[in-house]
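Shared between the two complexes below is chain A, which pairs with chain B and chain C, respectively.
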Partner chain A sequence: MRHSFWDHFSGLDTPVHRLSPGVKILFVILLVLILTILPGDYISFSALPLLLLLIIILIFSRVPVKHVVKRTLVILPLIIPVIVLNSIFMESGLSHSLILSVRSFLSIFSLVLLVSVTRFSDIMKTLSRWHFPRIMIMILSFMYRYFFLLTGEMEKMIRAVKLRSGGTGGSGIFKIYSQILAILFIKSYERAERVYHAMLMRGYDGNGGLQ
Partner chain B sequence: MHIPDGFLSLPVLISTSAVSASLLYISVKKLDKEIRPERIPLMGLSAAFVFTAQLLSFPVFGGTSVHLTGAVLISILLGPLSGFLITTSAVLLQAFLFQHGGIITAGANIMNIAVIQAVLGYYIFKIFSNKLYISGAFIAAFSAVFIAAAICAVELIVSGTIPLKAGMIAMLSSHLFAGVGEGFITVLILGMIKKLKPGLLELKKI
Partner chain C sequence: MTIVEVKNISYTYPDGIEVFKNISFKVAEGESLGIIGPNGAGKTTLLLALSGLINNSGEIIINGEIKSEKNINDIRKKISFVFQNPDDQLFMPHVEEDISFGLNKLGYSEEEINDIVKKSLNSAGLDGFELRSSHHLSLGQKKRVCLAAAFARSPEILLLDEPSNELDPGGRKELAGLIQDFKGTKLIVSHDLNMIGEICDNVMILNNSIIKAIGGSKKILSDKNLMESNSLEVPYIYR
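Up next, the complex of A and B:
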């Protein structure tokens, strides 16, 4: 099961990775907030310095440029329809959408950079220190840990269906996929029971495992 | 439906975040008081399930595909506030790890997906559930997606990101389709769970 595609480079050891996670999270939140608040005219000449700053951080973090660019481009399917809509229906639509694109592109870039230089568990610990609700931290940590397993189970079931149906799709596939998800939920429920028993055996007292 | 950072103006961000934050506060307080410890792994695994289910593309005619949001489904199974926390976690994790959505827009995305779909969708379902379990689930899932799309469009229009009329038409027409898909998938999953393990439909709803 491939589970490296999200925070793959967060385990590197560089000055950027060693920075306190709280500082990095605050930096990104501040940066995105500035990008959101800044009026359009200011965006056009502050974009380049901000991009430069992010690129310098990227170089120091030794995260491959290709990885960050690929992850940043997920924004395209969202931006393109907006640009099309604006160019057709709004006056000054093109410059307006250009500013929008710069805003969201830089925001996404900084977010990709953040998860590439900070371990997920460190983000969770920091949020917990900031009094983010404990139950939310628990849910998020469970998701992070079990998502891979469930994806693996789902892929196995889909492969089995495809093998038996000879690869043909048709309208029946809609029902079959729904059944796969139903089974996946039942399996998740049963796994939750086993996980809870394992937690009890190891001394879980209902207060979470986070210090 | 996941609005990225930079697409919303400050007033929209503040008002939607206020709604989401207050419901988050209420849910956490209520669940902290009422929850039994074995429920926490269940909520965690259910959240992982929602997250996984969202990755599965259902092929539909014409070569397009729809995917499940799962907000109404999980609320029907576990209750509105559990559903709210689970979908909120899914929105946050998607923003952090997949860059679907953003961090400053998280409040707005939580409102569209967790407040409207998980909580409002649950109460739409409740209106019908006594007599019409299956059609109630369909109506709830469909209208939750559709209302959420309309509110998402309003947020984008008020922020000046998309034009008023064309933006609304584009959002609603594309989500009409997604809503019907969501309804069908939700109903099929509930029917299958009922057949295989009916006890799971009777879990405590918080």
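Up next, the complex of A and C:
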């Protein structure tokens, strides 16, 4: 199974990695807040300095630029339709769209940088210390834990389809993939029940707390 | 002294299939009971019933307490369950968090929990695995982490569902050794009849909703007619 880990470089030993997780999380929260609150005109002035700041941190962290940029670009499928629709239906839609893209790109960039320089468990521990709702921490932990497992299961099913269909393509392929998604949903549901049983056996009360 | 007493329990799946009907048995403190039978005989369901994860009819008495909705949480504190698929059991991102999950509610301080995590990992031969991500581990390592998590709760009763399933011979041998080292009461569901023969004092055959036989391991496992009539075979150690 092929895995691409979000926090692949979080175990490096650099000054950025050694910084307290709390400081790093606060920095990112502050940055995202600034990007969200600042009016559009100010964004055009502050975007470049903020990007430079993030790049300096990136250089000091020794995390490959390609790793961060590649993961930041996952935002593109969400941004492109917004840009296109804004440009068509809104007056001065293009400038609005550009500002929105800058806000989104820098926010995601800073988040990807955060998980690249901080162990996931340290982020969770810090959030827990800050009394972040336990149920949210558990959901984040489960996302991290089961994302790879579910993508692995999906890969296995796609491989089986390819092997038994003599390759991909054909008119029925979308139907097959939608069926795969449905099976993945059922499998995930059943797994959730088994995980819940395992949690109950170790004191989980079903409401985000422990008995 | 009896630690587990099952009196006339029955369970039917929501689709109407009856898994077991009026079964009764006792397990003594410190005993190792192997539960065997063909696929679909209800072995895993029986373990789920013992730990209160499904609602069955009849009575289950754990350490003198009749299992009910009121006391199920107290009963679960005495039981550790090792599930068949470690990916269902290791639900936290890192090994350390998984082993320490729920320990604070057993009355341990943070220092004690750190100590327990280290000792449990050491007993499972996994020193230094605290910060490893669960999805980075091999199946054998995952199974051992599951055992470490089970040991960490210092249970009186250990329930194991197919512990050696899919393991290579080396991994299976290591795991069997770890299970054998646990001195409490063990109920082991498995198709690995050699391991059952090595570890268990007694064996129970479950088939067609009823207990077909219960008794000493050697007596049951070496009975060719009995084993074959229940879609099983005599393990190598008794041939």
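Just so it is clear, the second predicted complex is superposed on the first by the 128 of 211 C-alpha atoms of A that agree within 3 Å, B and C clash if a C-alpha of one lies under 4 Å from a C-alpha of the other, contacts with A are read in each partner's own complex, and residues count from 1 in each chain.
Note that in this section contacts are C-beta pairs under 8 Å (C-beta built on N, C-alpha and C of every residue); 3 or more make two chains touch, one makes a residue touch a chain.
Since the model is a prediction, treat every value here as computed from it, not as a measurement.
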Should A:V195 be classified as contacting the first partner (chain B), the second (chain C), both, or neither?
both
Contacts of A:V82 with chain B and chain C, given as first, second, both or neither:
first
Just checking: does A:S121 make contact with chain B only, chain C only, both, or neither of them? Give me first, second, both or neither.
second
Please indicate which partner A:Y177 is in contact with in the superposed arrangement: first for chain B, second for chain C, both, or neither.
first
If you stack the two complexes on chain A, which partner ends up touching A:Y204: first (chain B), second (chain C), both, or neither?
both
Once chain A of both complexes is superposed, is A:T151 in touch with chain B (first), chain C (second), both, or neither?
first
Touched chain A residues, chain B compared with chain C
B
Between chain B (first) and chain C (second), which does A:S141 come into contact with in this model arrangement: first, second, both, or neither?
both
Would you sort A:S104 into first (chain B), second (chain C), both or neither based on which partner it touches?
first
Overlap of the chain B and chain C interfaces on chain A comprises residues 120, 141-142, 144-146, 149, 191, 195, 199, 204
Residue ranges of chain A touching chain C (in the complex, touch as defined):
3, 5, 119-121, 124, 141-142, 144-146, 148-149, 191, 194-195, 197-204, 210-211
Going by the contact rule set out above, which residues of chain A touch chain B in the complex?
6-7, 28-29, 32-33, 35-37, 71-72, 74-75, 78, 81-82, 85-86, 88-90, 96, 100, 102-108, 111-112, 115, 120, 123, 133-136, 138-147, 149-151, 154, 158, 169, 171, 173-175, 177-186, 188-189, 191-193, 195-196, 199, 204, 206, 208
Spell out the part of chain C that touches chain A in their complex, as residue ranges.
48, 51, 53, 73, 76-77, 79-81, 83, 85, 87-94, 96-97, 101-102, 104-106, 131, 133-135, 149, 153
In their shared complex, chain A is touched by residues of chain B numbered 2, 4-10, 13, 24, 28, 31-32, 35, 37-38, 40-49, 51-53, 55-56, 58-61, 68, 77, 85-86, 88-90, 92-93, 95-100, 102-104, 160-163, 165-167, 170, 184-185, 188-193, 196-197, 200
